[in-house]
Amino acid sequence: MDGSTRLIESGEDVLLYMNERKSWIVKVEPEKKFHSHKGIVDLGELVGKPYGYEVKTTLGATLKAMPADYLDHLERIARRTQVIYPKDMAYIALMGNVRSGSIVLECGTGSGALTSYLAGLVRPNGKVITYEIREEFQANARKNLERLGLMDSIEMKLKDITGGIDEKSLDAVVLDMATPWLVIGTVYDALRTGGRVVSFSPTINQIEKTVDEMQKTGFVSIKTVELIMRTYKVKVNETRPDMIMVGHTGYIVSARKC
Amino acid sequence: MDGSTRLIESGEDVLLYMNERKSWIVKVEPEKKFHSHKGIVDLGELVGKPYGYEVKTTLGATLKAMPADYLDHLERIARRTQVIYPKDMAYIALMGNVRSGSIVLECGTGSGALTSYLAGLVRPNGKVITYEIREEFQANARKNLERLGLMDSIEMKLKDITGGIDEKSLDAVVLDMATPWLVIGTVYDALRTGGRVVSFSPTINQIEKTVDEMQKTGFVSIKTVELIMRTYKVKVNETRPDMIMVGHTGYIVSARKC
Amino acid sequence: MDGSTRLIESGEDVLLYMNERKSWIVKVEPEKKFHSHKGIVDLGELVGKPYGYEVKTTLGATLKAMPADYLDHLERIARRTQVIYPKDMAYIALMGNVRSGSIVLECGTGSGALTSYLAGLVRPNGKVITYEIREEFQANARKNLERLGLMDSIEMKLKDITGGIDEKSLDAVVLDMATPWLVIGTVYDALRTGGRVVSFSPTINQIEKTVDEMQKTGFVSIKTVELIMRTYKVKVNETRPDMIMVGHTGYIVSARKC
Amino acid sequence: MDGSTRLIESGEDVLLYMNERKSWIVKVEPEKKFHSHKGIVDLGELVGKPYGYEVKTTLGATLKAMPADYLDHLERIARRTQVIYPKDMAYIALMGNVRSGSIVLECGTGSGALTSYLAGLVRPNGKVITYEIREEFQANARKNLERLGLMDSIEMKLKDITGGIDEKSLDAVVLDMATPWLVIGTVYDALRTGGRVVSFSPTINQIEKTVDEMQKTGFVSIKTVELIMRTYKVKVNETRPDMIMVGHTGYIVSARKC
C-alpha cells in the first residue's frame, strides 16, 4: 500500500479541506464532532479511511481529508499571532547554516513559529534552545510546539538573554528581539569558531546598531539583506503582480565568528 | 573541551580564511601543501591544531583555519556554475515542506546545489531522488555531493522526466527545468495525497503555462511568488541599499495535490 | 506684497486644510456655505482674506485656507475614479518627451487625469488631443479638465483610435488602452520622425504583444520598465518601509520613430 | 509640408543614429566634418535635407539624421556626469508641483540635468533659480544649459544656501544636497503659503534628519518614497525582468508649507 492510500488513524491531525479559502486542522478521534458554519462532521467516521476521503457535513458541504502537514500548522499559527514570514524564516535558517544536528539558540520564542521551523531542521540529533522573557508567550508557544510533536528537539527557557547565555560552543544563534545590538558580544562568546548569528529586525536603525556592534566585536562576513516577496496573479493572457502586497517585513543581518 | 577548541583532523575540509574577499576550502592531510598567490601553506601543520588556529604562508600572509561548513561549500559551487540562488533554494524547500524524513524528487540535478540543500533537510531517514539527462552535469554534481558527504540521502538517476516518474507516493517534487508544464500530470500521479510540487522558472511565460497546467490537473493552493533580495550597505549615518543588485532570478510556483 | 499674503478672490478654488487626513477643495463665492461633518463654513468670509487665513466652522473646527494647486485637484480626481498613478504619469510624460509646445495625442481620455498632466506640460503653445470612445467618460473628464482651466490646451474627441488617427506629425502619442498592439502601425504613421510613443499596460501579455508589434513596425529605442514605489514611515530611530504597499500598477513601454 | 519632412537647418543639433547602442548629437554646419570610428560625415551635406535623411560615412556606415530632442541631450549629459535618474527627476518635479509659470529654487545645480528638466517645465513665464557652491560645476552646467537653449528660464547663482535664500514667495524648492536638514527652516521662510519642497537623498539617515526637521518646522503632507525601476527584457515567450538592475538611487521627501 502506498502513501496515497495511507489510512487515517485516531489521534492524527487531519486537514479538512473545503476550498482555497477555507480549511481546518482537526484531531481525529472516535465519538468526536467538528462544528463549522458549514455544518457538523463526525470525525469518528474518518478513522480507518484512506487520506483523500471525502466526508459530508450535516449541511451537505463536502470536505476532503488530507494529512495536515507542517505548513498547514504554520499557517494556522500565523493566523492567530504575528509571526516572522515564512520567506524570512527560510532564509534565516539558511544563513545560520541550521541543519540536521545543529545546536541553535533562539531569542525570543514569541509564538514559537520560528522555533518550530528551526527544530524541524535540526532533528533528530540537534537541539533548539529558545529563550523568552514573557511567560504567557512561552506558554502559548509550548502549546503550538507540543501539537507539532517537536518538543524532543527543543529546550524552552524563561530567561532574559541580556543577562547572559548559559550555552557554549553553539553552532548558531538566531535573534528576533527589539534590541539585538545589546547582546552581540554575549552571542560571540557563546558561538563556536565558525558559528553563525542571524538577526531579524523591522527597522533600519536596529540593523545599523546591530551591524556596528558586530563589526566592533570581530564578526566577519556581515551581510544585511531584505527579501521582498511579490505575489503574482497568473492567468493565461492576464498575468501580473498582485496590486496590493506586503511591502516590508524586516531586515536580516547575518555574520560569522572567525 | 568545547567546540571552540575542536581539533582539526586529517581528511577534514577546512576553510582557510584570509579576509572578507578571499578564503579557500582545503582538505587537510599530512604532507599536503596548499598553493595560493599569497604563498604556500603546509596543511600537515594544521592536523591536531584547534580550529581558529592561525597559519602563516611562505609569503607571510596569515590565514585562519575555520571549519568549512555547508554554506562555504555552497558558495564554492556557486562560484563555478550557475546555481539557484540560496534565497530561492530556501523558499523552494519550505514551500515543498521538505523536512527530515521527506521523500523528494528533484528534476534536474544541474550542479547539485539544490540537491545538496534538499538532502541536508531530509536526513537521516528521508531521500532525494534526482533526475538529470545530461551525463556531464550528473558527473559534476556527483563530485560536489560526494565531497559534501550527502550521498547516503541521495539517489542520482540519468533519466528524462518527460518519459515518466518511477517513484510513487512522493512527499514533494521540485522542478528546475525549462518546460515544467510538460510534466505536471506525471508529477501529480507520483505525489501522495497532500504532497507538494514546487517549480522554479526565470520567465513569465513558463509560469503561465505551468500554472495553467496545474489548474487543469487539479492541483490546489497554487501560488506564484518572486523573491527580490535587496542587499544593504550598513554604516552608521550612511546606510542605504546597494546601488547595483540582482534584479531577477526567477519565479517560484508551488501547489498541492488534494 | 509677496505671494505669501496673496488675497483670496471670489471664484477661486481654495483648499480648506483641516489635518493630514482631511481637506477639501471649495470654490469661494460670497453667500456660499460649505457643509462638512465638522460644521459649516461661510465661504464668503474668505473673500479678500490672505491665503493662510484660518476660518472656524460652526462646530469649532479650524480650517486653513490654502491655494488649491494642481496636485490637490489630481488627488481629488484620484479619490473618485481609478487613474494612472502620479509616479507613472510623470515617467510617461518624460519618456514621451512631452514639453512646452509639444503636440501630443492621448488615447483614451479616461478620467482626464493623465490628460490634465500632459496639458499642464505642453502649455501655452502645445496641445493635447485626446480620444475616448465612451461618452460618459469623456463628459466626466471634461468636467475635471474645465475646472482645472486647461481646456485651452486640450482637444477632446469621441473617437475610436483603431479606426485611424486624424492628426499627422505628432510629437508624441500616449496610449492607455486595453489593446495598444492593435494601433502601433497607425501610431507610427501619425508620429513625426523622432517622435515618441509611450504605452501603459497592467499585464505582461499586453506589453509582450505591444513590444512585438513595435519591433515589427520599425520603432527604435524600445524600452519596458516598471516603477515600484515604496513609501516610508520615517521617524528618528524607527524608520522603515510601510508594511503594506501598492505592489503593482503597470508597465511602461516607450519607443521612438526613426 | 508636415513635420515628418521638416528640413535640417544650419546650426541645429541633429542626432546621428547608427543603431540602438550608438548615436551622436552634432551641430550641423556647412563645411563641418564629424569624425567617428565608423568614418567621417560631411555635416554640410545635411543642411536642407529632410529629417530622416540617411547619410553615409567615409567608411560606408549609414547614419540617420533625427531631430535631437531633450531626452537625447539628457542622455548625453548623463553619460558624462552622475545625474539624478530621470525616474526621480520626473517624480521630484511632480511632487513639487513644478508647472508652467512656477518660480522654483534648486540647490545645488550639479551637472544641470535636473535644472534643465525643471526649466523645461516652467517655461515660458516661470523661472528656475539654481544655487551652486562649486564654480567648476556651475561652469559645466552652464554649458549644458546653454546648448539646450534654456537659459531664458534659468538664473544661476554661485551661492551657499546655508547662508540664506534671497528669494521670497517661491512656489517650490528642490534640494539635491548632502545636508538638506540644515536648510529646512530657511526653505520654509522662502516658500509661499501652499508652496512645496522636495528633497532627494541617497541614505536613510539623511531622510530621517530631513523629515524630523520638516516636522519641527511645521511642514505638512510630509511624504517619503523611493522609486525602484525595474527594466524588462520583453520577447514573446521569454519575457522577464533584467537580471542586473540599478537597485537604489535615492529617497524623495516632499512636503508643503501650510
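General remarks:
Chains: A, B, C and D, in written order; residue numbering restarts at 1 for each.
Please note the rule applied: a residue touches a chain if its C-beta (ideal position, glycine included) is under 8 Å from a C-beta of that chain, and two chains touch if they have at least 3 such contacts.
This structure is a prediction, so every number in the text was calculated from the model and none was measured.
Over half of the residue numbers at the interface between copies chain C and chain D are found on both sides, making the touching surfaces mostly the same.
Remark: rotation between chain A and chain D after Cα superposition is 180° (nearest 5).
Averaging Cα atoms per chain gives one point for each, and the point farthest from that of chain A is the centre of D. Per-chain Cα centroids separate chain B from chain C by 49 Å. Chain centres here are Cα means. That of chain C falls 21 Å from that of chain D.
Separating the CA-averaged centres of chain A and chain C is a span of 45 Å.
Residue numbers of chain B whose C-beta contacts span two or more other chains: 204, 230-231, 239, 241. Note for the complex: chain C touches chain D at residues 2-4, 6, 15, 17, 20, 51-52, 64, 66-67, 69-71, 86-87, 89-91, 93-95, 97, 99-100, 117, 120-121, 123-124, 168-169, 171, 192-196, 204, 207-208, 211-212, 220-232, 234-236, 239, 241, 251, 253, 258. The touching residues of chain D, when paired with chain B in their complex, are 202-205, 230-231, 237-249.
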